[in-house]
Amino acid sequence: MEITHGEITLINGPNLNRLGVREPGIYGTATLEDIEGNTIKSGQDLGFAVDCHQSNFEGELIDFLHNSDGNAGVIINPGALTHYSYALRDAIASISTPCVEVHISNIYAREEFRRHSVISPVVLGVISGFGIMGYDLALQVIARHVCKKSSL
Amino acid sequence: MEITHGEITLINGPNLNRLGVREPGIYGTATLEDIEGNTIKSGQDLGFAVDCHQSNFEGELIDFLHNSDGNAGVIINPGALTHYSYALRDAIASISTPCVEVHISNIYAREEFRRHSVISPVVLGVISGFGIMGYDLALQVIARHVCKKSSL
Amino acid sequence: MEITHGEITLINGPNLNRLGVREPGIYGTATLEDIEGNTIKSGQDLGFAVDCHQSNFEGELIDFLHNSDGNAGVIINPGALTHYSYALRDAIASISTPCVEVHISNIYAREEFRRHSVISPVVLGVISGFGIMGYDLALQVIARHVCKKSSL
Amino acid sequence: MEITHGEITLINGPNLNRLGVREPGIYGTATLEDIEGNTIKSGQDLGFAVDCHQSNFEGELIDFLHNSDGNAGVIINPGALTHYSYALRDAIASISTPCVEVHISNIYAREEFRRHSVISPVVLGVISGFGIMGYDLALQVIARHVCKKSSL
Amino acid sequence: MEITHGEITLINGPNLNRLGVREPGIYGTATLEDIEGNTIKSGQDLGFAVDCHQSNFEGELIDFLHNSDGNAGVIINPGALTHYSYALRDAIASISTPCVEVHISNIYAREEFRRHSVISPVVLGVISGFGIMGYDLALQVIARHVCKKSSL
Amino acid sequence: MEITHGEITLINGPNLNRLGVREPGIYGTATLEDIEGNTIKSGQDLGFAVDCHQSNFEGELIDFLHNSDGNAGVIINPGALTHYSYALRDAIASISTPCVEVHISNIYAREEFRRHSVISPVVLGVISGFGIMGYDLALQVIARHVCKKSSL
Amino acid sequence: MEITHGEITLINGPNLNRLGVREPGIYGTATLEDIEGNTIKSGQDLGFAVDCHQSNFEGELIDFLHNSDGNAGVIINPGALTHYSYALRDAIASISTPCVEVHISNIYAREEFRRHSVISPVVLGVISGFGIMGYDLALQVIARHVCKKSSL
Amino acid sequence: MEITHGEITLINGPNLNRLGVREPGIYGTATLEDIEGNTIKSGQDLGFAVDCHQSNFEGELIDFLHNSDGNAGVIINPGALTHYSYALRDAIASISTPCVEVHISNIYAREEFRRHSVISPVVLGVISGFGIMGYDLALQVIARHVCKKSSL
Amino acid sequence: MEITHGEITLINGPNLNRLGVREPGIYGTATLEDIEGNTIKSGQDLGFAVDCHQSNFEGELIDFLHNSDGNAGVIINPGALTHYSYALRDAIASISTPCVEVHISNIYAREEFRRHSVISPVVLGVISGFGIMGYDLALQVIARHVCKKSSL
Amino acid sequence: MEITHGEITLINGPNLNRLGVREPGIYGTATLEDIEGNTIKSGQDLGFAVDCHQSNFEGELIDFLHNSDGNAGVIINPGALTHYSYALRDAIASISTPCVEVHISNIYAREEFRRHSVISPVVLGVISGFGIMGYDLALQVIARHVCKKSSL
Amino acid sequence: MEITHGEITLINGPNLNRLGVREPGIYGTATLEDIEGNTIKSGQDLGFAVDCHQSNFEGELIDFLHNSDGNAGVIINPGALTHYSYALRDAIASISTPCVEVHISNIYAREEFRRHSVISPVVLGVISGFGIMGYDLALQVIARHVCKKSSL
Amino acid sequence: MEITHGEITLINGPNLNRLGVREPGIYGTATLEDIEGNTIKSGQDLGFAVDCHQSNFEGELIDFLHNSDGNAGVIINPGALTHYSYALRDAIASISTPCVEVHISNIYAREEFRRHSVISPVVLGVISGFGIMGYDLALQVIARHVCKKSSL
């Protein structure tokens, strides 16, 4: 499928570069490369180019977000920054691109501190607990979002 | 598509029978009938029969859950019971059917009391904030879940 | 007086069917029948038909509220559901009928848990502590409310 | 009607002298003078003289309360002192006159700090959210209260 | 033994109809039928008829409690309603029948939310953690309670 | 009955030596001697020797617990230590003997601080509110516990 | 005895002018006049002139405190201002005169809000629960305090 | 400079009349007279008449605020009332004059209770920690504010 | 003076045997022996024998309290047990002897945890912050208490 | 004016590079370049060179702070790091340069989490709510601060 | 090595006499005797005599601490008293001997209540989670501490 | 000694590059270079190569941790990130290398926010309060840890 609907930014936060290597009981055996590869492919199927980024630096994640302003959408898994990075939250609030928050594990079923996201109040919505499939679902959400706007 | 993968139970909780009629600013203009119709159709496409239920009674919702034991999956939007019904939570914990929790609005972006779900710790995962599309995403999750198990 | 101003729904929640029988020290000796009889009569004097309901089921109270949509007003004493039923709150928020919350005892002068109402933020106002007279005052509030709107 | 049932004290607290001038969206367009005039007139209809006071000084409000000891009743809108003046609370507790707490707006539907009244545990009851009509309802409560006692 | 000491009401709350089927690690393998059968038999041995009820509806449990007014005693396992149903609490407070609260598992050794019962302050006492034997112990408590009163 | 099932340790904590003398309104008129006498006798009927201890010293109670390791069971009323003695809790956790926690009054119906037991998470279960009869019930629990194990 | 040790300021806060008239069960039957008379007399016996003040106005109490700067001591019963008047606290901190905080009732044995004094951290010490005798004890404290300083 | 930009009200709250006399370590050696003199002079330089008030009475401060309605601005240091006077907050909210909140010391670096201002949510902004220079900065803010409005 | 008014028990808790040796900045230079000697002498002057005890063992302090039942009064400084020993509190509640709680330092002006006493709700009253003079004041309180009772 | 008073470091934190572009309703239309240009110019007027930095990286902000040690002053707007970056706080505490904390919006009038600054306890003072003018005021504070020191 | 550096007191609190016997999964298989033997030997190597104590009595532990005043150091594992014994804390604060707090398990990785030590604020430092090796490390700390002082 | 036991990673977090320069009262006069030099030397004595890193960037610290996977051990002093960096915590949890958390000062004896470490639940143990000696102790812990494993 042709890339006609624009670009989607995929942002993975701290420690997600370790996926597949460690704690597969919680996070599964898929690697970050698997996620990025799948999302690029699924994006293509829906007519989007997917731009993939990962960083362990809050500042770099903020830069990625600023740079995605004007894109079709952002899919973000902020890792543990989910629970305290008000700077990341403000970065999302500072762009007009619709964001979808994804978590591989069900964060509401884990330690107390993981049950609260400071990011959620500024995103379109949250998908949590469905493994790497969550990224695919997020892609669909953005695709639908773009369609709605273009049909107005 | 033939119904080969079994039955999925769709359960909507208190006040969701009012969808489309009131507060469209928050919940959109789709009605409960729209949701149920769409889900049945999408279910068929994936090879599932979808059994739809709505009730304003916690007790009846618990009965629906008990009855869904052995089904392929449960999609549940518990409405405001999300925030206090430990009885609903225990009903989900008492069945082996995988459950997906869906919210039409982004509950984490609303009043303080809506940000905490007593249901989330016992479901597979949560989809919140994507309007009625959330039900479709939940269907996909269960379909994938069934495939994984059957491929073992 | 003729019934010209429409219908008012009177809704009493859990355990209010026990009024007069038990704990008269807190709730007085009047029975639910007394309250309903008085309110019907006072309603007639103000030109309203009063439709009376009581239930110990949260789900049934929600149904009563949905059914009252379009009426002149709702007078509701949610009993102990006052303190935790967000589903009842959402039912009130889902209808356009003005609601008045009534409590026979002064809930702010009793146990800690009774001092907080999850219902109050979505009603027109609250009357608490004046025995069964509170229902009469609520009727007057709705009557005045109707007059204001009709005089616009 | 003749003044035969005694005297009622109407006490309005801090900033209520500004009524009608500012924030009519919350408090309406009636002025303090309107409230006092109406209450005096309604009082006369019920056979009570109404003694009206307003002050921005907690100490003066306490004096008003002490002076009302022995009267038929007190109607008090403590303004923002509602939320912290334990001294006002003790003044009410120190007199035998029945007090009714009135709020023009629905304090339970506003900022968090307004949802808690330190006064409520020592009054007969609370009327909140019905605009200046609340003062009239309070008058009726006291009238009924006086009747009950005199009929013993 | 003859039924001379009157009737005892056994009330089991939400999800207890699932006993024995699921989570036997926590709740054991006995079914609700086992509990009811045993309690009826033990009741007979002590001279009591035992009237057994289970419901997943808070409202129905409240009705059972109201109907048990005047009986010799109530044995109640409120299930998860233990932790939030102030309506159930008020139902117990509204009857003069002595109530014993029973929990199959030791609720104080489980999740944080299970450690607090809103029911306990209005019952005679609590038995928690001894499996279905707890119902037998509760029966003995009521039998002893009846003896004491009849010996006065 | 012969002592064939082994020894049970009965441990009463601080101030329980004052039973019967003071605050009979809360704790009844039975003395510690009555409790110990009854429990020894009931123990004999069930085939257990009951070893009785009381101390106002947390350290001594810990010693009693350590010494009961290997016994058939421990019945413990920790008095006010219930609410803060993590050392007592650790002592119970350090032995393999099953413990039953007993309270004469219904601790959940008293002052706020009495509603939380730091002991409960490490015992078999809790019996609270049935006066000195609670000790008898605890004996039965241990007897049943012993039977189950010996029948394996 | 001659007045040689200087002046002591006695300050009573809101509602203490009502002493003896109301709630004698809590505050006793002595009036403010009794307290002031006794304290003046006891002061004379110890060689101090006692300057007595009472006000229901926080502002006036602050003025009294400012005026007492340089005196031998201040005895203050801040009434309900004890629990929230940080302004009073700052007034005490702004003077070098040693202050003794007195409460007629045992504030630590009453409602939760009375158990915390915002004043106590800036006074010499607190005397609470001994009725009007507390004022006498406070006098002795200041007398001793003056002696110590003059003996240096 | 001519007074052409109107009048500014300077309001100092409880205990600020003690400035310079006590606790110079925290508040510096400048007196209230210094502050008022400086502010008048600085105001003149900017073209404003400055009307200076200080009171230890919450009620009087409220009156000052009401009287400043229509002025160019209010500079307020509420003293310890900062931390609890919701009445003062409502007085500020009831006027249209822009207010600047000033604190001589850095309140966020002192006792816990000083770190929260109930006033801040209704003022233009806050200046804290720069000694009496803060008043000068506040003047500049109001001057700039007036310029902006007049330049529209 | 003759011992005619009976016996008073002086109880000092943990670490008070270290008085005078360490931390004189907080507790002064007087030793426990000084306190006991002074209290015995002052007791004699008032006609009381004073029985002095100190222990670092909670259990022993409880025993002292039980043994003082029937005495004229108890003066107790519970040391750090003040802040958590509910067992000590229950011991005081279990005797009819009036108790006075004494603290050498002003506990309300120290670390957060020292500001709350679990003992205070069950004593006659509290004296805190006046050094060893507090014991003398407590003696006077008990003497006065005894006089009142004997004069009835 | 000549640069004679040394260098001032201006540090802006995460997302402040987005100023003017987004959310002008909250933050105004001025850009970061405007702020830096103005501050450099105002600095020159006061005799200071202003060294401007912005970063979205906490670590880089810490480096800027370390590098400013020995300068005349630091003006810092930490963005959302204000609310959780104890590392930034420690960096400020680790240098001897006086810091002024500036916020463009009135952070005390926004979301709950923005009302608390972990930075404020270690800075000279705080300026919040006056738009980009706050940076100018901060400059003046540092200028005055330098003057005071140099005049010693 | 000769004992030239003085005496070190080793104090183990409640339940540590049970080490090795129970819960080896948490506490390892070493017994108290092993710990004491090792510490004595390691002490000798460093030139210290080690005096070993264990008690389940808070009072006895306080006595041990008092007796260690003047020694070279104290190594203390307070067991569960760590979490509530303010009396133990005061005992440590009352002596000038440097104390090191040791925990065998990592208390910060266990139940919530174990994560807070009331002892830690008054000790030199804390070693937690390294099994019985922690005692050896503590010995080294004290040895180094002694050296530093003697080298001054 | 030969390097036979592998490599240990030493990681110091934000502001630790400032050691020795500032706040020597809290952190001592040793510099980061001293710590790194000593640790390398002590490591050599124990047969380990020590790889030293410091960064003010959370992201870089996470990278250091990922890179240390497979090493013999990690010694980490996370600086102020200790109190909020869940991302650092997850990085530690994502590697199999045993980590020891070291703090130079006794963090439990400082400001409230420093008493809680989000890192501690995922490390082997914690050493806090012994100055730079803590790093040496940590080295010994890892050395012992390696020995144990290699002896299996």
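Chains: A, B, C, D, E, F, G, H, I, J, K and L, in written order; residue numbering restarts at 1 for each.
Operating definition for what follows: contacts are C-beta pairs under 8 Å (C-beta built on N, C-alpha and C of every residue); 3 or more make two chains touch, one makes a residue touch a chain.
Keep in mind the model is a prediction, meaning the values are calculated, not measured.
Peer 1: Looking at F-I, A-B or H-J, which pair matches B-E on over half of its contact pairs by residue number?
Peer 2: F-I
Peer 1: Report the inter-chain centroid distance for subunit C and subunit J in whole angstrom, where each centroid is the mean of the CA atoms.
Peer 2: Averaging C-alpha atoms per chain gives centres 55 Å apart.
Peer 1: In whole angstrom, what separates the CA-based centres of subunit K and subunit L?
Peer 2: 23
Peer 1: Could you please state the distance in Å, as a whole number, between where the Cα atoms of subunit F are centred and where those of subunit J are centred?
Peer 2: 64
Peer 1: Determine the centre-to-centre distance between subunit H and subunit L, using the mean Cα coordinates as centres, and give it in whole Å.
Peer 2: Roughly 49 Å separates the two chain centres.
Peer 1: What are the residue numbers in subunit D that touch two or more other chains?
Peer 2: 57-60, 84
Peer 1: Provide the full list of chain pairs in touch.
Peer 2: A-B, A-J, A-L, B-C, B-E, C-D, C-E, D-G, D-H, E-F, F-I, F-K, G-H, G-I, H-J, I-K, J-L, K-L
Peer 1: Enumerate the contact residues on subunit I facing subunit K in the complex.
Peer 2: Those in contact with subunit K are residues 13-15, 17-18, 21-23, 55-60, 79-81, 83-84, 113.
Peer 1: Flag every residue of subunit B that touches subunit A in the complex, lowest number first.
Peer 2: Contact set of subunit B toward subunit A: 106, 108-109, 115-117, 120-130, 133-134, 137, 140-141, 144.
Peer 1: With touch defined as at the start, can you tell me which subunit G residues reach subunit H in the complex?
Peer 2: The contact residues of subunit G facing subunit H are 57-60, 62-63, 66, 84-87, 89-91, 93-96, 118.
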